[in-house]
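The next part holds the structures, each set out as structure tokens.
Presented sequentially are two complexes of chain A, the first with chain B as partner and the second with chain C.
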Partner chain A sequence: MNMQRKSGSTTKHIGHSHRRLNAKRHLAGRGQFVSDKTLPRMLHAAFVRSPMARGRILDIDISDALKAPGVMRVFTAAELNRICEPWSGTLDHFAGMKSTPQNILSEGDILWAGQPVVMVLAHSRAEAEDACELVFIDIEDEEPVIDGAAAMLPGAKLAAPGLTDNICFQTVLETPGVDAVFAGAAHIFEESFIFGRHTAVTLEPRAILADFDSASGQLTVHHGTQTPYQFQDLYARHFNLREGQVRVIAPDVGGSFGMKLHLYHEEMGAVAASILTGRPVRFLADRLESFVSDIHARDHQVQARMAVSAEGEILAMQVDDLAPVGAVSAYPRTSAAEGNQVIRLMGAPYQMADYRGRLSVVFQNKVQTSQYRAVGHPIACGVTERLCDMAAEALGVDPFDFRARNLIRDDAYPQTSATGYQFEKLSHEACLQQLRQMMNYDGLRAEQAELRKKGIHRGIGIAPFVEITNPGATFYGVGGARISAQDGAIVKLTPAGDVQCLISVTEQGQGTETIIAQVVAEQLALQPSAVKVVTGDTDTTPSGGATWACRGAGIGGETALRAARKLRDQILSIAGKILQADAATLMLSDGAVVDAATGTHRLDLAEIGRIATYRPDTLPAGTDISLTVAHHFAPQGYPFDFTNGIQASLVEVDVETGFVKLLKHWVVEDCGTIINPLLVDEQIRGGVVQGLGPAFFEECLYDDTGQLTNGSLADYLVPMACEMPDIEIGHVETPTLDTILGAKGVGEAGTAAAGAAAMNAVNDALRPFNASVSQTPMTPARILAVLGH
Partner chain B sequence: MELDGTYTLDASPQQVWDALFDRDVLEKSIPGCTELLQISPTTFSAVVKLKIGPVSAKFKGDVELSDIVPLKSCTLAGKGNGGIAGFAKGSARITLEETPEGTTLTYTAEAAIGGKIAALGSRLVKAASRKLADEFFSKFSAVLAEISAENHIETPSESVA
Partner chain C sequence: MSTEHKISLTVNGESVSQSVEPRLSLADFLHDKLQLTGTRLGCEMGACGACLVLLNGQPTHACLVLAVQADGDKVETIEGLNERAAITDLQEAFFDRNALQCGFCTTGMVVNAHAFLQTADAPDRDEIRDAISGNYCRCTGYEAIVDAISSVAEKRRGNSADGGTAQ
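And then the complex of A and B:
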């Protein structure tokens, strides 16, 4: 009766391309987004926001709004904020950091244009919006704090109440010898940079549907977030509920990019309103609301110097980063983490012994900035690589040769950077070499020289980078934040022999569920399609960190691997009991238990599920019949698993119009063990586009009164497919030895260095004109300005 | 945002000056004005319906005339609240000069906008503001012409009397 089984060779899945399991469902229009979710008796929220950037509320009149059609409730701070504990975006390990406590609606002080002041609940969003027009808020406007440098001057107006100055956080990181090195250096290269402020622009905006059941005391929050467990903790603590009373469900999420892990006033408002009304309350941000309330990213002014020896060795860097972050620090991860990473990632790929980085995080009356894909990386990489190119040019050295001379040698690990980062093993030299061949560097240089004669100005730029992935507790846990450093998985064999994995890492379209299925399938010798992966529900999956800082594959994958191996061992143990065989002589293959030595089929998984579930009486007394196992994993070796890579950009600059055509982009990347080459490449491509966007197009523009002036996709430019170059990708694989799986993160690699490579390429094209640009986005107007037009 | 403009009006400085302080003339001249109340000889409160780019709004605001040099110049300052559409505020210095054609009116204005209008319409605001200013002065000049036509009719009858 036994069918012939194939050998285990078909069950190798790690390292193979598999299409995203959820892609078909999305293609068929069966996605389940919070934006589409409705519940009976649901109310819709809209907010009246301050049109001014700074001021005091003198009077609020909601009487007309209350009478508007469809309106159920109109809340001001007095009613709504009282059930919510205020929050402050500081962490203990950022010594001296401060931020004014926040609550849902403004209690009098206006801190940015767009701050929510009144919340309207109605039967439809349209009715809620109509009623918002009837709310009258009298605000006495005050002069806002806009410019970061001016905010730091003594006597500057204060961006928020309770402050004595506008400094959120300052720190200095230095080696003892840095001044002496600069004093004795043969060459010093210096540049000032401005990295523009931009935002995430997710396809699905922020969405929440809060449902408080006053009968059971249960709060269920359907929330388009990347960190459901973090929000379970936050909602419990800030609304004085037990953690067990709070369930957060994150179904399909239409993009997050770091933007959807911060606490927002509107989401807290939806939860508070549901608790107060006992009805489900939905808030779905429209695009303008997203522009004035989603966190913004970057916004750094950097002064940087690099000391280089006569032989072309990078000796030291000195960097001052000024980061204006809005009127308050974001919660719970703060608005200082990006600046902190900017000053720590400077010069990271290079053998550089000395360093000084100064960071000033300052308050101003704009939307808060905080963590967004590749936190700090594009700034550190942009500054370092521009200075490298300036040094190479001045010394008459080819940019590739300058990097080759200075990159950390592939055989020199472990290494600690001048800023204190510990590198287990990186592969800069191998990546540099592979890139040079892949892009046909010498051929491109020859072509560039030929075209220059014809007045066509092409530029080539390269940018090695280091990326922080797989963070342990060092990021937030040590600072007192209740943000999980571990992830957890439950893997079970169902009575019919199917496998499910419930895991704390989450899916935002990047394919997490697919790679988890691959990892589990490989341990259990199944096809990935036979593994059902469940994510994003705090009531059904174990607690964990979920999606941030590139941890899904490295930490989530390892968690799944170890959990699946536990289940494998348990299956074999039960099989041993059934077969009266030593479990060590058995193994799994193609959905069955086989003899390890001969591969002979012994027992289907379905049979084990059947016996353990329906006929445990046939097993010896005391047999552990558990076919559900749980495992939690936290990285314990290096504080982070750093990855590395190098990118290159080829551009053509029209020196008459300032327009830049992106001709080609290359990435060679080392993320350790590659679980799914297709999805890794997609992550890199998407990341590159999110790096090129702010390098050329994306910028949140403010006027001098603190008004965002381009709050629509007509005025805020996102990169479109037709502007993007082909992106060619190569890999080097250096697995981390801290885990069995060996995978590191890859989600931010593309974003980390795309802008840096592009800026070097543009400046390479501008070289004949003795002009250079050091501000992003590199708009046509800015390029024409440096060309003297 | 700064705006300026010059208009030649077919009326004497005295007629222009009087019209600038005349509630009825202003109500007919202000684009989208649905309500104008004179609170004192130099202050008005107004309700104005406007559409700038994608944003339509009803602004409630106050207008005040100050720094008055009779027949020569004055400052017109206003602040309007458009609810969730945002706010607008600004001031204009208006100067009059007698010319052979009548009167030349010059204004230099500074305006600030905020909220939804700033975020969604900033590209259009300057052009829209200029259009509104032009609309105001063309209506203003038409109303002035009406008044002087009436005066012309009245003048002969006076001479008869």
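And then the complex of A and C:
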């Protein structure tokens, strides 16, 4: 295969801001979400949930519910769980990890408030909810385990049956010299941090419509998820079906951000109920049950120290992360992955030789936490960057200068971090320089000083970061999880000369289909609008990992590129046969085969499609007339492609009220080859706001009985338009050499460091008061508290 | 159920008569009974703006109104606005600026932006942010939406100054 063949000059699409054609459907009100989907004879599901966080079920009486209008079935665990293999959220590479096996409905033990106990199927959701009110459940209340630190104490109550202690997973990561470095360091800075528990709050709640056809044995599941293949595998294995009997279709998905790739009890309930009734069963979470059943994220208590030399060099960090994760570990990706990334991402942008990170993942009686956008990054970045600012302040060094002294030099790659991460090539210094100019740092500092004289307290914070993207099998595959490390694409030329690409990576609005069209179009010298991209259906697209950990562009894009080049070569081979020319003398340009040397038009693509499809008899015997090719690609080389960047936040703190106004935010980011600048920038902006939300507003608040006390959109604060700043974005491009395309991920970059920059900005504003905050969300009450009000 | 009430209303210019339960919300009536699925449910308590429709011309949370309360009223949804080409410039601006990602908030956002621009005179960015502060978007970070609405306001102003008619 000749990889060097040039595309026509009019058809360069990688690097251009093509618009998302699928956006037009949404703008016309023609989005098609699972919550819009109905099927004949469909039943609606609702769940009776435990009102308390810990206890034992003594009795369940469903007799009144069964008689309620519109009710078809009422299931308890005895009926529903028996057709479902239980699951446990552990992975082999997290040594010693444990988690109590789970099934759909509680079999006696109550582990969190909101746990499903009874499932009702009715002709409408309203009737199902009415019947839920008639179910009688007698639960013997037990004392729940709520506080993470208390859960670790000897003699603590156990959060779930089968445990001997509340430790889910512990690990230590250290270099041999770390103690000696701390013993001899000129300066040690330390702080305790609390990063609040929050949740994804996708605007479309979780949604599933399971349709088991008992005549054919075929299960079709319309599922609002980002990982259809993972669910195909799960449904097949846990319901004892062959993989070929299970089809998962993910249509438009109203936000996912990692939250919709975990297995949930309710989704398994919908599938089980469809299998048992032979009818389509739909479950749409309402907002209230989303809050008590969607995974939550973060919730880390971190004790951190940084050793710094007299010259201002970061020598080492020591970090203890306590991560309470709920009563069970999420399945199939576990609830230990975030803590694991927290302790591995500490200090990642810096030249730092020594390190100790200790992680304790513990059980408590709350809903499970697990992976959500920028897994672990905001915590590691927040801790590292706050300690950097503390060091810079103590040493009398400007925060930019402190970073400039310590960031890994741009000419010093490849590098391995003290925690073992391998960096192919990053651009911290270039990003730092660009940010300083872009935000007019010196001007802002001068303005800050002037305004302080008037009693206006502005703060400027910066935060360099790295982001993990393009993961290979290291993440999950090596731990025994059946989560694909590869992706696949089928690219075909239709008889009329159009191009289709069916690909395993999925679309949730980030623009996957658009960038895949751009990549394919460029290889085939077409316009992206001539390439139809199909995603989200396990029956029609090849198997693959889909969307998680920022792999759509880097892995999906590379898959599409290689598949399209295969098709290009096949088209030219057939063209060579038709034209009786050497295929190497031909190339594609503007929908046609042309002479490579002169650009002379030889044959339209439509003509090749026509001949190969309708008149193969005119081609030499034995000609391969395939105009459909498939290609699968798994990352090789580095285990991950790290990206890097830096963010800055400008805030104004009202020291009388504790309110913080976000005035402006800047990001300089390096995601390698930029396929579509418009979409990259909007991924960054959306990500930043998902980082600012939990920095200032978002927190799942529990009382000491394990009740979520703010589980509605009126009580749980999400960032709205009026509170968010404009966000200016700059780029550095360092393509990965692991792939032809050179693209890395970008979806989590904004979220990774926005909170860290904001925390540094708030503390910069509070500096004259000798006050600092180290807990998120940084609510007005918490800011007033550190100010002594 | 015997408690159903017959209601007659105008939805997107079409007369609709149906029997509905008194507890059925206007949002569920539009989305489920009339299959106008562009009216979406995000919170069912008036906090997220996904279900905004025009009720007698006013942007209204369809989740907070019962279908029976809309008896005799005029309702317009995103589908109606789309079909009568009342929001073509907004749609084009949202498309061009990539002011949507997953699309779930988009219909409510566009309905609200449409209503806002009926009365707003040369809104600045803060006023636009304020106007859409009841529409929750988890994907975009809002800036692109503000840009899109701002550009439409500007263009409509230009058209008015040229003697054209604003929508």
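Just so it is clear, the second predicted complex is superposed on the first by the 782 of 789 C-alpha atoms of A that agree within 3 Å, B and C clash if a C-alpha of one lies under 4 Å from a C-alpha of the other, contacts with A are read in each partner's own complex, and residues count from 1 in each chain.
Quick note on the criterion: a contact is a pair of C-beta atoms (placed from the backbone, for glycine too) under 8 Å apart; a residue touches a chain by one contact, two chains touch by 3 or more.
These numbers were taken from a predicted model, which means no experiment stands behind them.
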Chain B versus chain C as contact partner of A:C722, first or second or both or neither: second
Which of chain B and chain C A:S712 touches, first, second, both or neither: both
Chain A residues touched by each partner, larger count belonging to chain B or chain C: C
First (chain B), second (chain C), both or neither touched by A:L134: first
Touching partner for A:R685 - first (chain B), second (chain C), both, neither: second
Which of chain B and chain C A:G509 touches, first, second, both or neither: second
First, second, both or neither for A:T416, with chain B first and chain C second: neither
Touching partner for A:T164 - first (chain B), second (chain C), both, neither: neither
Partner chain(s) touched by A:L203 [first = chain B, second = chain C, both, neither]: second
Partner chain in contact with A:P51 - chain B first, chain C second, else both or neither: first
Residues of chain A that lie at the interface with chain B and also at the interface with chain C: 712, 714
Interface residues, chain B side, partner chain A - complex: 54, 81-87, 112-116, 118-120, 122-123
Chain A-facing residues of chain C, complex: 1, 21, 23-24, 31, 36-38, 40-45, 47-48, 50, 77-79, 82, 91, 94-96, 98, 100-107, 110, 125-126, 128-130, 132-146
Sites on chain A touched by chain B in the complex: 48-53, 113-114, 129, 132-136, 138, 288, 291-292, 703, 705, 707-712, 714-715
Touching residues (chain side chain A, partner chain C) in the complex: 19-20, 23-33, 35-36, 69, 126, 200-205, 252-257, 286-287, 508-511, 678-679, 682, 685-690, 712-714, 718, 720-724, 726-727, 750
